[in-house]
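First chain A sits with chain B, and in the next complex the same chain sits with chain C.
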Partner chain A sequence: MNFFSLFFPIIIYGILFGLNYALISIGFTLVFGVSKILNLSYGALYMTTAYMIYYFAVMNNLPLVISIIFSIILTIAIGLGIFYTILKFTINPMIFMVTMLLFALLLQYIYSYLFGGQVGLIIPSLFSNISISIFGVSVNLSLLSSSIISVFLLFIVSFWIYKTSFGRKIRATAEDPEIAELIGINTKQIILIVLSVSILLVSIASILLVPMQEVTPTMWVDPFVIAFAVSIIGGLGKFEWAIPAAFIVSFAEVISQYLIPYNVSDIVAFIIVILFIIIFPNGIGGAKVESWIS
Partner chain B sequence: MNLGYLKSKGFILSLLIILITVILSFVINSPYLTLSFLISDIFIIMAVGWDFSSGTTNYINFGISFFFGIGALFTGFFYYSFHLTIPLLITQAFLISSFSGFLITIVTLKVRGVFFTLLSLLLPLIGTDFILAFWTVLKMPTIGYYGLPSLSNSLQISLIYISIFLIVIITLIYALYSGHIGLILKGIGDDEEAMNAQGINTFWYKVLIFSISMGIVGIAGSLYAFSTSFAGIDTFGLEFLLFPMIIAIFGGKGKILGSIPAGYIIIILSQYLQLYVGQLTLISFAAFAIILFLFFPKGISRWFS
Partner chain C sequence: MSYSKNSKIVISVVIAVILVAAIILGAYYITQSQTSSKKYILIGMPLPLNSPIGINMLDSAQLAVNQINGNGGVIINGTHYYLKIISYDTEEADPSIPVSNGISAITALITQDKVNFLIGGYRSDVVDAELPIAAQYHTIYITFGADPEISTFVAENYTAHKYIFNGFVNATNQGVQYGALPVYMLLAYKEGLLKQNITNFAILGEQAAWTKVDIGNGGTSSPLYKPFEEVGFNVTYINYFPLSPPGGSYDSLFSQLANLNTQAIYILAAGTETPLLVSNWDSFNWSADKATNGMKPVLMGADVMAEMEGKTYDYFNATKGGCNGEFTFGWGPMLPINITPSSIPFYNEFYSNYSFNPIFEDGFVYSAVYYLTQAIEKAQSLSSNAVIPYLEQTNYSGPAGLIEFSSSHGLIINLKPVPSVPAVAMQWHKDGKLYLIWSSLNPLTFTNIQLPNGTVIPKITVIL
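After this line comes the complex of A and B, so read on.
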């Protein structure tokens, strides 16, 4: 194995995974940007969509498109339900965060109880599972299709944030919620809409990516670790830097997969986060983090 | 050294409760009850170990199940690879968990508040991958280690040993609380900036406290491995964060006295629920933890005070 035999696989998989990681993470950083709350149930919502599709499409034989629509609606309802239930009782960020994590665990145990925890389940894909060759590298058509859809969705989200008047309100809320409130922006409404969009995006990521893996009650961990790593590397709340940060994570993981013959992708993400905290605590986007770095 | 804590109401009551569990295990002579007490003691060790660092400093560390797993797994590793005796195995669990805690906190303590908590949470989440990769490199059984020795052939004698461990750890924590470190801990929890302004370098105190704390959690992991005769990747599971956290919070932040009755109530309840409703136990405890966090964050300690 030499450098050139690895060059194309690393570039192609780095780009494809990077696009998907950006799709997984953008909602997480958006919500943090406007609400300063880290949505720890984020990964669990990714898992919820997958289990809902299994329930509707596999267990009840509903058409896949109908199952997807039902799953997205239910995931958004569950995600908003969790967020606003906690908000009703507390605004303490620590209690908020821990309770969100507990909801993620609760969902894990519920799915494990309802669907069985030992065997991974398979859900149908919108795309064919065949592989095609790009520069001599075998690429699964589902992965390629999900990456193309990710580009499209990332473009729409960027347009929404940077080119529309509502996007300007989102950026104002992220910059300074108090000033935004003073100039007449309904920040509560902004948070509700951004939260709904973030859940929609993570649901779509689940629909695109989960058919390439198995549905298990602990599957929420990987998307959560990726989203967290991307948000730290990009700079907390700096959603415009989520895309380059996603590529840093994906390339590091793909390179490690070719060099180390074990599944160490989560460890690589964790190590990059640690390195960034030591060397670039503000992330590549230069987040204002004086309050959390000692 | 100030030994006044040995006469404090909280300390004496803690010892009394532990003693009652040992007496009950002999009087009732039910293996299931004795095992429940034994598991409770292990979770209480975890809870007080966690509370010692996180409850007082306000640096909430979610990484405890990682150090619990390290304590358990390395007990299996050293038992099968080097045939160490039980006291040495428990000592290595403390040392390896403390050292891992030291290495990790030296980096993660650079961040504060929710970000420290989040970073610590990643530890158990990546723990399984970490151990699988590390163990494969060492050519060790990734499934875990079966057939570990028990502390004693009699379950009741094992309970006595573990109760002694619990008492020693509580005494150690009380001693630390009532000395110089206790003052620093309270200072960090109240106003860390003010401590730094007085010229006290809180960073190294935090590293020391977290290293000791994670070492205690590692001991709990090792004792758990002896009690269940198994040390595997399961010990990295978030259940081993959920239960100590419920115990410590139900018992009251920074209150050892509260953790002891809370530990026995919660673990015995969970053991018996497991017997009758199986997997619904975890669902009910996660739901219970949510209610606890939203309605009773101060825990039951205020009922004792």
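After this line comes the complex of A and C, so read on.
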């Protein structure tokens, strides 16, 4: 294979996958930024949207747009419900996060039971499942469309955080919640809104990406791993670094696929996270991490 | 005390209702007590019941159980025993599910449900993890993984591991017959169908224990590389494909294959990721592939999910119609085919009961229930130790072929004069249906091949 036969696929797939990874991950990072809690049920909410769309659009033949709206609303309700239910019983961050993960597993079993644990469930797509050629590289229109929408959404989120007064409150809360409270910011409201937006973003990611794949009870693991890896690499809570971190993951995966003769794609994200923890423990964004072992 | 005429009628009706209810209750009680006095042989089945694969396997076992029970069950020392299946969902068709699910299932079946025998298992690494448990509890386990390690497990310590039987064709034996198919098929393409030579092969295996036999470490050292090259194929790529591809798409993998001018793709896959792989193969823009002039490469291989056609799971829909043209290889009467006298009756009975086709394991699972019960009757015992010698002497002509076990309890596959357990091949057509096109019983003849342009050739014979 010559240089260009590798160059264009790596660049094009790296960018397209990276944009989608950024969309999947940005909400996860945002929530940690303002609440200092890893939303470990995040992947399960991605799965929730997919199952809801299957329920409304496929099982009940509702129009896709209506199904999407219902699914987003229900996913946000479930996500907030999980978060605030746990918050009622514990404020210990470690117990909180483990309980979130348990809720993710619970959702896996609930959907497995409700939908018969069937594999091969397909949800309809907003876009065509055909491919075009860009610089000789096959690009699926659904993937291209989701990437373009990702750019748009990432721009809106960035504008919201960096160019609006509410965004200043989010950043202030992320920087130091106690001082934010002292200067009159309602941090609880900030967390509620940021959490809702993060669930909305992961729901949209699900709507865009899952139609290219299948709906299964274990589908929550992959987006969770990606979001987790991006957060660690970017620096926990450093949402401005989530986008470059997403590209690091995507390019590493694509490059490994092309240049490493043995299939390692399934574990690349884990390897990068481990490397970053060793080399850049605070991520590229330089997150402050306090030691809990003396 | 006197009653009006109406009151007498009401009282009569009430008494009649009470009598009828008493008779029904009595009959129910008698039936129940008769049922509860029945003696059962419990068969434990650890299966991926969250997948159509496991559902099919359970259905085929249940079919045999119903038939045997309908004929009076199994007679041991003059007593009729009836078969009863207790199944556990191991979810193992999903590659992300850990093997611990299988270990828990088999342990619960033996220790809590007190099953007499075990039939089941699917994913090789899960089966491999279950074997020591069955052996430890001295419980016969007829399993259907394709990993040759199952027989190795028995051979390395026969006394301790003799309880394990592999009721399915292992990957090494599969390769012998599967390897013949692409040769004949591509000769057919070359001579009579596409009028073109197809030489550039990419070989993709899912990352699983059973594919290691064929894929090895990937590249030119792979066990499948040399056989393909020896018959004149140019292997452009041979490796495992990821279960979670980058970006949730196999496009970057297919981009590599297109740049390598791949003309045919040979896949080995049994997991739930193949619908995505095949859907991507179909939607991929192959214009970079100079060897096919931008057409999709021919897709063939052992793709278990591609055998699914029916009400519980329809592969055609799962691939969004992308499997149109895909060839899949398997075993047994997945479509009506006369392998043994019991093949077509089995297919018809299965289809009439469940409204979908059997899959590759079904003929073997169905047979296992029969040859196990035959061994139990010969042993006149439910003890695994007593049954094993008779199970080892199995000579059962079932729907998928002749079942005989080697000294290490693997299936013996005789290839001459015709394969005792033949491979079959099917193809998805544009009408969304699966068609039988080939079997190793008659390897030079193909029927109902659909060309890439959609034309169906009713019959073609390859001339060597």
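Methods note: the second predicted complex is superposed on the first by the 279 of 294 C-alpha atoms of A that agree within 3 Å, B and C clash if a C-alpha of one lies under 4 Å from a C-alpha of the other, contacts with A are read in each partner's own complex, and residues count from 1 in each chain.
Following the convention adopted for this analysis, a contact is a pair of C-beta atoms (placed from the backbone, for glycine too) under 8 Å apart; a residue touches a chain by one contact, two chains touch by 3 or more.
Keep in mind that this is a model prediction, so the values were computed, not measured.
> In the superposition on chain A, see if there is space for chain B and chain C together, and answer fit or clash.
Taken together on chain A, chain C would clash with chain B, as the superposition shows.
> Now for A:Ser71: first (chain B), second (chain C), both, or neither, which partner does it touch?
It touches nothing on chain B or chain C.
> In the overlay, answer first, second, both or neither for which of chain B and chain C A:Ser265 touches.
So A:Ser265 meets both chain B and chain C here.
> Applying the document's definition of touch, where does A:Glu253 land relative to chain B and chain C: first, second, both, or neither?
In the superposition, A:Glu253 contacts chain C only.
> Have a look at where A:Ile86 lands relative to chain B and chain C in the superposition and call it first, second, both or neither.
first
> Going by the contact rule set out at the top, does A:Thr173 touch chain B (first), chain C (second), both, or neither?
In the superposed model, A:Thr173 contacts neither chain B nor chain C.
> Please work out whether A:Ser206 is in contact with chain B alone, chain C alone, both, or neither, and reply first, second, both or neither.
neither
> Once the shared chain is lined up, is A:Leu38 touching chain B (first), chain C (second), both, or neither of them?
Touch partner of A:Leu38: chain B, not chain C.
> Which partner chains sit in contact with A:Ile132 here, chain B, chain C, both or neither? Use first/second/both/neither.
second
> Of the partners chain B and chain C, which touch A:Ile278 in the superposed model: first, second, both, neither?
first
> Overlap of the chain B and chain C footprints on chain A, residue-wise?
In chain A, positions 112, 117, 221, 262-263, 265-266 sit in both the chain B and chain C interfaces.
> Quick one: in the complex, what on chain A touches chain C?
1, 5, 9, 13, 16-17, 20-21, 112, 116-120, 122, 129-133, 136-140, 143, 209, 212-214, 216-218, 221-222, 250, 253-254, 257-258, 261-263, 265-266, 268
> What part of chain C is in contact with chain A in the complex they form?
Of all residues in chain C, those touching chain A are 49-52, 89, 91, 93-94, 96-97, 207, 217-219, 239-249, 251-256, 258-260, 272, 275-276, 279-280, 283-288, 305, 308, 312-315, 317-318, 320.
> Which residues of chain A touch chain B in their complex?
Per the stated touch rule, the residues are 38, 40, 86, 89-90, 93-95, 97-99, 101-103, 105-106, 108-110, 112-113, 117, 221, 224-225, 228, 236, 260, 262-267, 269-270, 273-274, 277-278, 281, 291-294.
> Touching residues of chain B toward chain A in the complex: what are they?
Contact set of chain B toward chain A: 60, 62, 107-119, 121-122, 125-126, 129-130, 132-133, 136-137, 192, 203, 238, 242, 279-280, 282-283, 286-287, 289-290, 293-295, 297.
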